[in-house]
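Common to both upcoming complexes is chain A, partnered first by chain B, then by chain C.
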Partner chain A sequence: MTDKSELAAKATGNGLPLTESTEVDTYVVAPLADVIETPEAFLVALDMPGATKENISVTLEKGTLRVKGYVEPLQKEGATAIIREIRATGYSRAFTIGEGIDRNRVEATLADGVLSVKLFKAEELKPRQITIQ
Partner chain B sequence: MLVRLERMPIPEFDGVFNFGKEMDSLFSDFLLPSIVGSASYPSLNIADKGDEILLTAALPGVRKEDLKIAVHDGVLEISGERKATELPEKARWIRSELASGSFSRSLTLPRDINQDKLAAELKNGILTVVLPKREQAKPREIAIQ
Partner chain C sequence: MALIRWKDNRDLPAFPSDVLSMQREINRMFDSFFRGGVDDEGQMFSSSWSPATDIVEHENEYVVNLELPGVNKDDVKIIMQENLLTIRGQKKEEKESNGSQYRRVERSYGEFQRTFQLPSSVKSDRIEAIYRDGILTVSLPKAEEARSKQIEVKVK
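Right, the complex of A and B next:
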């Protein structure tokens, strides 16, 4: 075994990442998204190919909807890359949401590499028909 | 050949936008030029595993029944269609970055690929095609006498 502490010291001295792994390249991209407003809800759809249900997190905190995802490496061990156009190793995007979202009613589904998040509007934001007296 | 319909992509990667109070101001973004229209679609990774070539393509939003993989005269063609999202009744677009439409990308296969034994799988928006090499093309260890 190589002396890891020595190696680490060298790496930090050069300002390089403190790792021996060859898989140091993380490439987090902001996934493209559609947002649709219906009378009842906001629908957000995000392209996140390669991310599984287990590797995606959707959080709603202080008026921010944050979506994160991790992609399992597409290249298998011992394989030589010939073409590498798909580079995302992770996804991250945040949306600032205004008032009027029912924080207890947020639904998320994943299908064909597309994450769909449905944010229901709070009662006061829904359109209301006013009866004429 | 590539036929791809674009729906107002937005060159914005700070990853944060407002919807809710500031929704209407977002429409000004839609006038900016397309940034994704020129690249080949779908994006591919190709790797050589020694005994086989592994091809992966990013195809989010494409269903299995809308995807076609064909080999003809040593050319592998991946074609299909990504269906556009239909706007529900009384709904409106706030942001529309996901492209839809039909696509096609062709690749000339190396001669040492066994074209009769291709296997394909579509999972989580990623298409994987395994292209096995012919027996004689596989790397072989030569025993020293």
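Right, the complex of A and C next:
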């Protein structure tokens, strides 16, 4: 950082202790989520408007389901903002997964800005019909 | 127990900061309490949620973006009246069926409406809207008289 600003100061040649930052503001929000339980799985639906399939990652590691994504900025250059409420430049949220989930069977789909993660229940959690002998 | 602590709606164990998560929860409570407004006919309506919106002004147009994740585009209505832009619609709740049930609900469902006053008039017949990745983008070209004209003033 220091090196960078020194360089910039040299480049402009005025020695001002003030240089424009090249860093992009990031604002990562935890996406709102619904959890639905079905007989064979848990469905997690997360609101991630603006994120595309290519910009989202879903990982399951050591009992933690992690969802991350980033959003391409909506604003084009040379525009004047009148109202600015959409702040998210990225999404991040993690869930702890218990023993009853089949870790080898996780599916994810994205539609209309909603990421749906399907976590299948492990065999022992599924409802079972017991035959009377 | 398959998912640890998921049944507790107020608890967000995975969120990095407890303070932020609490603030979010309080904001949501306030939002849901102060929602609603008056519709075209002067009737009170209750809007159950209010999508986040960006409006920017370009040289020739206004661009409005609304976060509408999971909303069917056929359920969205865009109305331009004078210079008031109203966007309303609803997000339908997925029905619980075949023994499925909600364990946690944070996302918003139901009707929404937002009305904005644009700073100048627009060509109402040339308004375009696109819905992609959960974001509704409405482009409103400015009317001719609204565009800034450059006038040179001679100094005597």
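Simple rule for what comes next: the second predicted complex is superposed on the first by the 111 of 133 C-alpha atoms of A that agree within 3 Å, B and C clash if a C-alpha of one lies under 4 Å from a C-alpha of the other, contacts with A are read in each partner's own complex, and residues count from 1 in each chain.
Everything below uses one rule, namely that a contact is a pair of C-beta atoms (placed from the backbone, for glycine too) under 8 Å apart; a residue touches a chain by one contact, two chains touch by 3 or more.
Nothing here was measured: the structure is a model prediction, and the numbers come from that model.
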Contacts of A:Pro39 with chain B and chain C, given as first, second, both or neither: both
Touching partner for A:Gly98 - first (chain B), second (chain C), both, neither: both
First, second, both or neither for A:Ala30, with chain B first and chain C second: both
Chain B versus chain C as contact partner of A:Ala81, first or second or both or neither: both
Residues of chain A contacting chain B in one complex and chain C in the other: 30, 32-39, 42-43, 45, 47-52, 74-76, 78-86, 93-101, 112-114
List of chain A residues in touch with chain B within their complex: 29-30, 32-39, 42-43, 45, 47-52, 74-76, 78-86, 92-101, 110, 112-114
Chain C contact footprint on chain A (complex, rising order): 30, 32-39, 42-43, 45, 47-52, 74-76, 78-87, 93-101, 111-114, 119, 121-122, 125
Residues of chain B defined as touching chain A within the complex: 9, 13-23, 40, 43-50, 53-54, 56-63, 85, 87-88, 90-98, 122, 124-126
Touch list for chain C against partner chain A, complex: 1-6, 12-16, 21, 24, 52-59, 62-63, 65, 67-72, 94, 96, 98-108, 116, 119, 131, 133-135, 137
